[in-house]
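Right, one structure below, let's go through it.
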Amino acid sequence: MIRSSEDIIIRTVSRILVPFIQLFALYVIAHGHYSPGGGFQGGVILGASLVLLLITYGPSDTRRHISGKSVAVFSSLGVLIYSGIGFICLLLLGNYLDYGKLSGILHVTPAEARSLGILGIEIGVGFTVMAIMFSIFFDISSGGKPPEDEKE
Amino acid sequence: MVDFIVGKYNYWIYIVLMMIGFYAMIGKKNLIKKIIGMNIFQTAIILFYVSIGCKKGATLPILGHAHGHAGQAIQTSAYINPLPHVLMLTAIVVMVATLGVALAIGIMIYLKYNTLEEDEILKAVK
Amino acid sequence: MKILNLIVVVITGAILIYGTMDMPGWGDPDSPASLHVSPRYITKTMEETATPNMVTSVLADYRAYDTLGETTVIFTAGMACILLLRKRRNGHG
Amino acid sequence: MGVIVSIKPLLAVLVTLVAAVLILFTGERNRNLREFWTLLASIIKFSIVISMVPLILKGNIIEYTIISLTPGIALQFRIDSLGMFFGVLASFLWIITSVYSIGYVRSLDEHAQTRYFFNFALCLSATMGIAFAGNLLTLFIFYEILTVATWPLVYHKETEEAIMAGRKYLVYTLTAGMAILFGIILIYSLTGTTDFKPGGFLSGCGSANILRFIFVILILGFGVKAAVMVLHEWLPSAMVAPTPVSALLHAVAVVKAGVFGCLKVILYVFGPELLHELNLWLVLAYFVSFTIIVSGMYALAQDNLKRRLAFSTINNLAIIIMGAAMLTPSGIKGAIFHMGSHGFMKITLFFVAGAIYVKTHKENISELDGIGRQMPLTMGAFAIGAMGIAGIPPVCGFISKWYMALGTLEANEVFFLFVLLTSAMMDIAYFFPIIYSSFFKKPKEDVIPCFNEAPMMMVIPLMVTAIISIILGIFPNAFFNFFNIASTAAGKILGGM
Amino acid sequence: MIPAFDLVILIFVVICAIAAITVKDLLSAVMILGAYSFFMCLMWAEMGAVDVAFTEASVSAGIGTVLLIAAVYRTTRRSKD
Amino acid sequence: MIEQAPVLIVVIPLIFAFITPLIGWWRKELCYPWIILSLTLSTFCSVITLLTVINTGVIHYHLGGWLPPWGIEYAVDYLNAFVLVIVSFTSLTVAVYSKKSVELELPEKTIYFYTVFLLQATGFFGIIVTGDMFNLYVFLEIASLAGYALIAVGEEGAPMASFRYVIMGTIGASFYLLGVGYLYMTTGSLNMADLARLLPDLYGSKVVLVAFTFLIVGVATKMALFPLHGWLPDAYEKAPSSVSALLAPLMTKVSAYVMIRIMFTVFKPYFSIEMLPVTTILSWIAAAAILYGAVMALAQTDLKRMLVYVLLSEVGYLVLGIGLANKNGLTGTILHIMNDACMMVALFMIVGAIVYRCGNREISQFRNLHRRMPFTMAAFVIVGLSVVGIPPTCGFFSKWYLILGAVDTSQWVLAGVLVLSSLLNAILFFRVIEYAYIEPRGGHDNGGESLAVVREEAPLTMLIPIISVTAGIVLLGLLSGRIVSTVIQFAIPACF
Amino acid sequence: MEVTLLIQATDDSFRILEDARKQAKGLLDSASILEDARRQAKGLLDSTVGVTSETRQMEKQKIQAIFKGAQEAKSSFQNFIATFFLLFVFWVLLSGKFDLFHLTMGVICSVVIAHLTHDLLLANVRVGETRVIVRRFITYIPWLIYQIILSNIHVAYLALSPRMPIDPHVLRFSTKLESDISWVTLANSITLTPGTITMDIKDGEFFVHALDKKVADDLHAGEMEDRVAHIFMEADHIYIQDALDVARIYVALRKWG
């Protein structure tokens, strides 16, 4: 189903908008501490920008920006960052996800360590959500057809 | 009585929405319609939760000018209860995840039976 | 069948309305939900997590494990969609 | 009068279990080895059981607790005289049946022999468990194993008829099992224990109606295996099974397990005192007298030899229960001893039926004219068995029936004496024509009027059992103090009275 | 919180919900659902739940609608009810 | 690290699941040992947890170092720990078993299958171990989503079955969520222990009543209790065999666990018993479920579908014990959680093995199966006996406690239903055994092996789990007294 | 490499053009008295124009091809830098926080996004003086607004007049614009103007729905197109009317080359 859009307007506008959308997504992730938003919303927006690319430029062009493999790597990587941060706390003799314990290795106060921990997991969430949203959209819109030109 | 009805109109609306969604889930035959109903149903629950968190006269659950306020004591009643919001973030995520899986299954069904009507599919399965 | 569905729906609605009767008023700052657990999130968020956005601090710290679960839900959904729909041209995959 | 903890009861049960597994793994590849396992196990088992007899006779109780099943109930073996009696009987008859089965299956070249021997061993294991069980739950566990293990033996022939018989058997026995379970649970919730106690442990617990209800469902439950009339239907159908199986079913394992269960319920759970109090014994006795009379009549009407034997079995089992239901020393003594004597006699009769079938493929009585000339040893044994069943001295049946008759008198119930005598007359009426026609009637064309016995593997066991029947009739204590075991059991139960 | 505004949105939401499940054309239904989500998120924003509103806007009204549209394109717009 | 064991039970398979796709790309065949490793570690941790609980009592683990009710708490008591051990062992067994059947049924999707499979197990662990109402919901959804996907990749008709499961499952989960919301609204807490402390003052409130209703209905939907069971038969019948083997035993057991938690931990037992006639209603529904399941099973000609209905009936047993609400009844339920998990997992694995070898599940096609697959069929016989309730297999003992519980409350009809269902089960299973073992000879018994059947036993990765679970069934039966006295009697709420 | 080739090629083409023009002019001047000479000169001029349009077509393709390759080789880094700055400005506008932490974060994010999308934001833009384009674009906007107001009034008149004299029809015209960005600007301008909507663009052909004749005529007049072309320094005038601008491009190209 997905093929590159013929409509020049959509192509051009999305081409120009995508970087800004993505930056906005990162902004949302990074500023989750101060304003609404966070990893999840940012991730969804990132995913949406990729979906936009996919719709307008088709799978092959989109893969130049994010390949099928890196989607899957990102989806695993994100949750791994999250659970990994939790696990590091465990190694630092804290409970699981007890970021306060990170203050020891980050040389900041526990509250700030928690803040940084939050940022860390937001990033993880963002990765996963982005990759998964993209991949779900890809699967649903392609409906089971194998991607045309994916290299295994 | 009037107070009872007016004072909780949020809850009434949420019940109405939920019933609409619920009916679509169990009463409609079209799979996409069912999914739409599911969406409405879950959104209604989220509305309910958000209504729980509301506080009259309170502001967003973000400490305004955090650095400036450092010295002052924070009034609990000044901020909306953040916990239901957190829960609902999770619920929304769950919602979209369910939506994705449901759609994927719906597409599988369509690819196999070329229809989205439940009765026709059941006929085809047999 | 339609009637049956409607009846189920109406019964559920009736139960919900019944429950609504005892609910604390909407937006009441003294409702139990606002008094028991959440005050700590509101008052201590800066002090304990250095994060002014309470939603974020609760989401990613106090109840971080829920969020891990939530991310896992998304991950599961993604894997599920791949499992359900993606077909590989060759067996290796 | 001490309690001795010993692992022997467990060993006695396990030996056969191990044998069963070995049989299964040896399979068809090495028939001799497989049957060697059977024989070896049976002999080991018998010697283990026998080694415990002296202790029991001294009045001891042998106990072994394996594991706690629920609070208050353990998987426990406790051997007293009654259990010992049944144990000795079963383990001894297994040796003989094994020998006979080997002869039987080999000469008929049966299919699925491994399964046959496997289930046989399993049955015996379960029977031992029943005999040695220390409480109702343990007994029930082995009882159910027995039920399931016997089923493949019933449908063994795998004809349409055999399968139907198997189904019938299962329906009856499993339903009964559930009734028993329900009864046990009621008892447990009333008393918190199910340990057997000579003279019963239920008195004083619960209202009379509940106790009556428990008694009824337990007796009905065990009564199914004991083939009490109206619940007997499975037994004649199960006669399609191979003859050694019938012999085992009817003489040793299954029906005796049922009767044993009834006895346990009557004597060890409720106890004479309580039964008197609740007036249940009389009801029970009337109930089984009905069986005695009707089954006798049925037996007269049968032409198939094994079916006739089956109804005779029903008759005798009912007699045993009736004897016990008298709740008098002689009655109980007679009942217990009749378990043994009937076992020896009936197994003889079934062996004979099997031998005839193996040799001539005949199953109907009307075809047996003159067969005595062809198979004199076999038919001689048959005559001894038949006499014993009918209660003619010097065969052992006489002694047991004598005691039971005494028991009825002690209980002052002449009616039951009359029932006993009537049944004896019927025994004569349905067995003696066979003996007469087989020896004195003119043989039919296809009977070869010369000595032509079944294989020795079959004839020797049936001769042995016949001879033992006679010996027991003359010296009741000859066989490992057989009679003494029975009388100590009776004494202990009534000790409290 | 402005009650009138609140009430108007709530009514819109209900109308959208009913329309979404009654419209026979699936694509329209999905679009209406998107509108429903959007109104919902407006309402939440108005109730102070900015985070939830943001998420709803990006997820339900955004990705969710996109997924539904993709699915409808992939399958069929026709619906019997 | 021992004090971290409760969280490791969940976190290890979680992390492993995240890595599984990566591993799968590197070496596809490593996925299988990878998840086995993960589940083994998890099982190990759960056993450690159980031992710790037995030695030192209830474990409280505070995730993120936040004290409850502010943070999420793992509260592991006897009940949790026991169910955890069961669930982890079962999932490990099924994981070992799944190798061949996945290779056969889903050759192209092994990586993702194993990933989702592991996530499914993780979801179960998370549900059981948590002490927080909302956390439970999250893990419930993980398990459900994974379940939807795993079912949908089954045979013909599976997607539709799965779709109906999605709808019903979402309704159930949403009702649960709604119930949690109502509770939160009146108490302001999500922690189970905290709720248990706060709720008694509010028992008169209509909100609490509604919350309770919705929680129970939600869980009952997930559990497929009788009137809400519509999704279950198709879903579990059509799923791939290893998925049925995982989901069918565990989803219902886990839901039963949740139901016990809600009824007797979050709410005080007297609320569930006296304030509302819940337990009475539940026990009658359960009785209906038992009979319905057994009768429907009788009507089936397909073995797997028959087992699915048997499962419905087993759900009835579980709920019946809860509904009886006394010591024996609950003991029965908890014991039955273990026993039924073993029995169902064994049965569904056996069906899978039969399908693997013979390719069909019609009972009437089972002729000579005992020659073809002697060990599998022997296992089937033993498991069947256990389901029927023949001692000394474990199925008997749970039934024993349940009947005892029914007798204790003088619910004669319920006791009668239990007994009757045993008989119906007996008919069911002996019918199958008859087909598999008896080769009818048209009247003549000439003997000899007339039909030469090639012995074709299931592959070892299938056979070993089947045999070990079967052995476990007998062993657990014999050990049930020990289990009851060391674990279960402490798992029952103190007031019984 | 490409750049030198490119320059040579364009230089060649221009030399031809200039030659032809000079020739024609000279002929026109010298033979102004003679009627037939003038006619001859006119014919020559016509033929040169014919030649030019042909060669222009060829050259255009050739140049475009070369331009693309050249751009890729040359500008990926420059694009990256430009994108980065654009994005960073955007970030700062969004964030409004100027502490080190957030700025660092902004830099990191911008770098990442710029790396990922440098070929999107500034891709495909014909080489032109950015400053010129921006300046022209800004001056274009007031004009556009003016147009919008005008047509607003017109449409209001149409809508409010009792007869409703609308005459909807679809215009189809091919444009002289070349780059997608200019197409999009034109299309959006058309759409923004009330009364007209761009329905589709296919291979440089616009399909525009117009509300009545007057608006359609306005469009046909091509002023808007010309202005857009002017912004992006495209179409014919790149060769003739905007030689200066073009020259500037070459200067720039030489500098980069």
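Letters are used for the chains, namely A, B, C, D, E, F and G, taken in the order the chains are written, and counting of residues starts over at 1 for each.
Throughout what follows, a contact is a pair of C-beta atoms (placed from the backbone, for glycine too) under 8 Å apart; a residue touches a chain by one contact, two chains touch by 3 or more.
Quantities reported herein were computed from a predicted structural model and do not represent experimental measurements.
Common partners of subunit A and subunit G, by the touch rule above, are absent. When every chain is reduced to the mean of its CA atoms, the largest separation from subunit G belongs to D. Here the chain at the heart of the structure, going by C-alpha means, is F.
The greatest centre-to-centre distance from subunit E, using averaged C-alpha positions, is reached by D. Centres computed as Cα averages put subunit C at a distance of 68 Å from subunit D. Chain centres here are Cα means. That of subunit B falls 48 Å from that of subunit G.
In this assembly, the C-alpha centroid of subunit B lies 11 Å from the C-alpha centroid of subunit E. A straight line joining the Cα centres of subunit A and subunit D is 78 Å long. Counting partner chains per residue, subunit F has residues 14, 18, 21, 63-64, 134, 138, 141, 145, 148-149, 152, 184-185, 190 touching two or more of them. The residues of subunit G never reach two or more other chains; the list is empty.
Touching of two or more other chains is recorded for residues 1, 50-51, 55, 59, 63, 67, 70-71, 74 of subunit E. Per the touch definition, subunit E reaches subunit B in the complex via residues 1, 7, 10, 13-14, 17-18, 20-21, 26, 29-30, 33, 36-37, 40, 43-44, 47-52, 55-56, 59-60, 63-64, 67-68, 70-72, 74-76, 78-81. Of all the residues in subunit F, the ones that touch subunit C in their complex are 14, 17-18, 21, 28, 63-64, 66, 69-72, 107-109, 111-113, 115-116, 119, 122-123, 126, 132, 134-135, 138-139, 141-142, 145-146, 148-150, 152-153, 182, 184-190, 198, 205-207, 209-211, 213-214. Residues of subunit E that touch subunit A in their complex: 50-51, 53-55, 58-59, 62-63, 66-67, 70-71, 73-74. Note for the complex: subunit A touches subunit G at residues 6-9, 11-13, 15-16, 18-20, 22-24, 26-27, 30-31, 34, 64-66. Interface of subunit A with subunit E (complex): residues 1, 36-38, 40-41, 44-45, 47-48, 51, 133, 136-137, 140-141, 143.
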